[in-house]
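Heads up: the structure comes next, in structure tokens.
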Amino acid sequence: MRITLLNPNTSRAMTDKIAVAARAVAAPDVEITAVNPDVGAPAIESHGDEILAASAVVELIEADLRAGGSDAYVIACFGDPGLDAARELVDVPVVGVAEAAMHLAAIAGRSFGVVTTLTRTLGRARDLVERYGMSRACVSLAGSGIPVLDLEDTSSEAYETIARLCEDAVAAEADVIVLGCAGMADLCAALAVRVGVPVVDGVAAAVGVASSMARAGIGTSKRDEYAPPPRRAALVG
Amino acid sequence: MRITLLNPNTSRAMTDKIAVAARAVAAPDVEITAVNPDVGAPAIESHGDEILAASAVVELIEADLRAGGSDAYVIACFGDPGLDAARELVDVPVVGVAEAAMHLAAIAGRSFGVVTTLTRTLGRARDLVERYGMSRACVSLAGSGIPVLDLEDTSSEAYETIARLCEDAVAAEADVIVLGCAGMADLCAALAVRVGVPVVDGVAAAVGVASSMARAGIGTSKRDEYAPPPRRAALVG
Amino acid sequence: MRITLLNPNTSRAMTDKIAVAARAVAAPDVEITAVNPDVGAPAIESHGDEILAASAVVELIEADLRAGGSDAYVIACFGDPGLDAARELVDVPVVGVAEAAMHLAAIAGRSFGVVTTLTRTLGRARDLVERYGMSRACVSLAGSGIPVLDLEDTSSEAYETIARLCEDAVAAEADVIVLGCAGMADLCAALAVRVGVPVVDGVAAAVGVASSMARAGIGTSKRDEYAPPPRRAALVG
Amino acid sequence: MRITLLNPNTSRAMTDKIAVAARAVAAPDVEITAVNPDVGAPAIESHGDEILAASAVVELIEADLRAGGSDAYVIACFGDPGLDAARELVDVPVVGVAEAAMHLAAIAGRSFGVVTTLTRTLGRARDLVERYGMSRACVSLAGSGIPVLDLEDTSSEAYETIARLCEDAVAAEADVIVLGCAGMADLCAALAVRVGVPVVDGVAAAVGVASSMARAGIGTSKRDEYAPPPRRAALVG
Amino acid sequence: MRITLLNPNTSRAMTDKIAVAARAVAAPDVEITAVNPDVGAPAIESHGDEILAASAVVELIEADLRAGGSDAYVIACFGDPGLDAARELVDVPVVGVAEAAMHLAAIAGRSFGVVTTLTRTLGRARDLVERYGMSRACVSLAGSGIPVLDLEDTSSEAYETIARLCEDAVAAEADVIVLGCAGMADLCAALAVRVGVPVVDGVAAAVGVASSMARAGIGTSKRDEYAPPPRRAALVG
Amino acid sequence: MRITLLNPNTSRAMTDKIAVAARAVAAPDVEITAVNPDVGAPAIESHGDEILAASAVVELIEADLRAGGSDAYVIACFGDPGLDAARELVDVPVVGVAEAAMHLAAIAGRSFGVVTTLTRTLGRARDLVERYGMSRACVSLAGSGIPVLDLEDTSSEAYETIARLCEDAVAAEADVIVLGCAGMADLCAALAVRVGVPVVDGVAAAVGVASSMARAGIGTSKRDEYAPPPRRAALVG
């Protein structure tokens, strides 16, 4: 089984970190590929960036399809950009990291708190909370103010900031922490030890969900909304 | 006051129809401009198209800003593509036609029904219903199966199909009809006569809402989420 | 086009202030009339007052209809008293100031906070938030403890109290402020400068919404609930 | 213990019917008084009527207070008119018949259906469903088209119409029926036999709830919203 | 009329306290019986205990049925354990103390706060809040950390802790207090005096609701879900 | 990795079927064990049965813990009986089949329909839909009237009934089908072919989710609610 992870920003360092996190949790028979676009946004930190990221996701899947396709796709960016458009393109599972993280967090406890990068992305995060049915389970959302690219090589100061936000969430009401950026994957284990509750990294969660769906023969429903588009729009460029 | 309408598809005929509808309801001191991209999707009928449309909205606003900017913007496509990204770019009002139509419909009656083009777009419409707080007011959503571009010059058969869906919605529970495509603007008056309840065209609604906000000094809040992005991503191309 | 504003309390000073606020934002072709009852409640600050206000709204519309009627009506009291009964009487738009303010605030940002007069009116405000579908958008409601009639001629102390509540709401989570009393209309511009986000006065919002609906031919749906009552009750007295 | 039932319409026949229904279910130590206004609406069938009914409720309570007051009040009209204003006036329980019927119906089964008079009153009924937290429990609302005053002396044809709507609700999904008019109190027992599920008359339910609260010392909270109004408005007339 | 109260823990002292509280509010023609299991959980403080409690409720009702049955049953434990299973067994009312307390609290004011024993039981309490439609009315839930059995003979320190939590809830937003343990029944009157708002004990509330339903002929609906089970499972032991 | 499946009814045939379904989708390094109680309910078809099932789940886990424990547990009954109590006992993942099926179905499409056994179990299913945040995603629930034990060896007539309910759900609005009984696991593949959309069996889904969580180190949060109970109740028998 081959799962392709789509990092929609142009940071190769981030892509490598994501691939490492994915391989660490994949079953022995799962092959992980991780890709990113050559041009586009270096980090996804605004709604404008989200559009670029969505375009990148579509283009990366189309390229992968031309090369034979994969058994499942993971969108490795916490805003789950391009998720619906990606589902139009394939009949295998397409899983967003925010989506997978929230679903598994809601099983690991009654409630979870999200700790993410810039506060300006919380509006998008709240939209996803609503869409995925998590408005009761998600009891807090906090932005650390740390830009995405600073996570390529996380400083101890940034780690401390994130850890304190996790502790605040647990002290308040959160049973579980969801890390709100694919670039935080490498902090997950240390944070879990520190805060004493499960800490969910979306990349690991999505690899698990995508492979579980593929094994069980649960693909993307092609009924109406996610059927192939009537007219394949020539994508930008 | 100048309001710029952004038709995110490449159909000039559709843009012209939208401009006519907008001017018909604008106050005497409001100037209407309507634009569309040169390249992109000819119609917005899939989630893939939505991404192209969102890119087009951003690019059209950037071009308008380079030319001096407008007092308000209307996104003239029922999926309200690029709404959040557009709000990052300006501090004047940005109004989507679905957004405006639903808000005014919820004032014209207790409940409304949406009648739109392809059923595959209903998922997106339901997302907007949730986002705009209309899950109680919106009592039905129906797709006519008519492609967007067939509305450039609506046949009597297509009109009949749409009119019957409006009648069905009213017979069920809808106090008001919302037309789910900017290209239906010219059908609005005849449908209102036929079904006997208010029929809301999003273009007319959005021109009203945008100009009302501009007159009252209510722009787009620049607090955090819609503040200028930290790093303006070089847009595609 | 003529819009009649219905101030349901007996304060002529308040009515004048409302008319000034309305005219400041009306398009050049819109004529504003503002009326209030001769007898009734001097201010609407309790549920008992709401009943008097609702009666006043009905009587004022009936008087206006006898004089030829208007193109739209605005109920200029933040509890939107008598809104449903008013809609039974006419087929033109009837817009409440709370209703209009909340709808436009939800377009100006992701979230808004309401700042109003006495805390005892917050129950009614929460009912309206629910009814208008604003339970996600409205992130705070605060009462200033300032009686309505003290707003006829606002002291600097009262202004300061209101301004601080606006600042608190913005510091917490509100992208936009909604002023919860028609009598605060004259404070709107100064508050917007002070708090740095859009501040929505319901009178201005409602004039905009009502005129937009009238221009677009969107009246009150007369289907069932708002159809003329089967037996016109002889109103009180 | 004395419970006063407030019929806000002017029909003495209806008041008598309500008193009979109340006495049939009251405990031996509960005294029932039923009153109605001399002037006002003969039936409450529109939003305009609701305002008259709310005024009547306030005036009837004020008259009762002048005569020494009661241990609890029941608003005997399915729209629960004047409920909030009545709660401002007293510290004993005030219970609406719709409110009590819905709360007890939600205990008698998972779900209930409401069967009422004119369909135009369903908007108000839906508002109450939301306010009382019954949006999950209430699975259907049906109007029979029978005017309230026809229930003063119910014809067999009217009874049949109502019974069939009850049967439809049960066949669909309703575990329990709520009768949506105080004037249907005398039909309750026969309908329960016919449809085979509990049928809840609001008058009986409200007498039970009001007396239970009075016995347990649970009055109306006088904290803020329901505290005595700052300035008792001179009521109309 | 005979109402049987089911205390699902093995504490006879608790059962006696519950019976006293019930008799204090019962109408003169209502006979109160209170029972508890001989073996089982001494207190219900975990989800594991809830299962034992649910079993006990079923067994106690079966024993009562063998002895002739009652006119109504009250489940005297704030988690309302076994409520659905009990409803399968009888066609008379079955009322949980959390259920009754929340319904009456929602009538006594706009909002209520729950004050209970261990914080670990709040998850269950929140589930009940959702199930009973109280998510808007219930504005706070607080655990005192006091084990259930410490309430057999409440110390002044425990009383003080509970009283302060009640005061905190009222200071925040709660119009009414709901006591979240049947063992707090004897504290109710003193707390109401201290905090100045209605304080609802579930035992008193449930006795009132159950007797009201029985008087009005409102039993448990036997339609489908609560019909006698197809195969009566031989209960454990 | 070892996952233990807990079938809470006494049917060994059902347990075997569940084990087969689980092994068919497990990764090569996952060992599946399936157990059932010796005494208890032969099928879980009522709320009374649910209590027995919950007891069985707790006892089966305790027995497994005495034998060394597992890396994850699956509760193999669509009502997810005993889920909360099980989570108190362990710090590894505990996953219910309804829970897992609904979460994966919500990823495979916008909406799903549940097809289950007896209609009397739909109340429980609706409770789970609410708890898991699926009230928007779940668009239909249908009972087939087929008793659980008839699924030990499904007749062609029973299969046909289930298949038609699946087709009805898809024809209405469901993108995905969720099978509402662990005993339907063997029908899943044939139904997916017949209805043309993903069909989710809870056993397969739960094995995937549980193993994904175990691989990613996401156990059950032991914060407060799911911490070990203060006093381990001696379980029944």
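Per-chain residue numbering starts at 1, and chain names A, B, C, D, E and F are given in the order in which the chains are listed.
Everything below uses one rule, namely that contacts are C-beta pairs under 8 Å (C-beta built on N, C-alpha and C of every residue); 3 or more make two chains touch, one makes a residue touch a chain.
Nothing here was measured: the structure is a model prediction, and the numbers come from that model.
Chemist: Specify the angle of rotation obtained when superposing chain B on chain C by their C-alpha atoms, rounded to a multiple of 5 degrees.
Modeler: About 180 degrees of rotation relates the two copies.
Chemist: Among the chain pairs C-D, D-E or B-C, which one reproduces the interface of E-F, with more than half of its contact pairs identical by residue number?
Modeler: Comparing residue numbers across C-D, D-E or B-C, the repeat of E-F turns out to be C-D.
Chemist: C-D versus A-F: which interface comes out with more C-beta contact pairs?
Modeler: If we tally the contacting C-beta pairs, A-F comes out ahead.
Chemist: Chain D-chain E contact: same residues or different, taking over half shared as same?
Modeler: Same-residue interface.
Chemist: Taking each chain's centre as the mean of its CA atoms, how far is chain D from chain F in angstrom?
Modeler: The answer is 44 Å.
Chemist: What is the distance in Å between the mean C-alpha positions of chain A and chain B?
Modeler: Comparing mean C-alpha positions, chain B is 30 Å from chain A.
Chemist: Counting only residues that touch at least 2 other chains, which ones in chain F make the list?
Modeler: 110, 123, 130, 136, 224-225
Chemist: In the complex, go through chain B and note every residue touching chain C.
Modeler: These residues of chain B touch chain C: 25-30, 93, 95, 99-100, 103-110, 132-137, 170, 175-176, 188-189, 192, 196-198, 200-201, 204-205, 207-209, 211-213, 215-226.
Chemist: Quick check on the complex: what are the chain F residues that touch chain E?
Modeler: So the residues of chain F touching chain E come out as 40-43, 45-52, 54-55, 58, 82, 84-85, 87-89, 118-124, 127, 130-131, 147, 224-225, 227, 229-233, 235-237.
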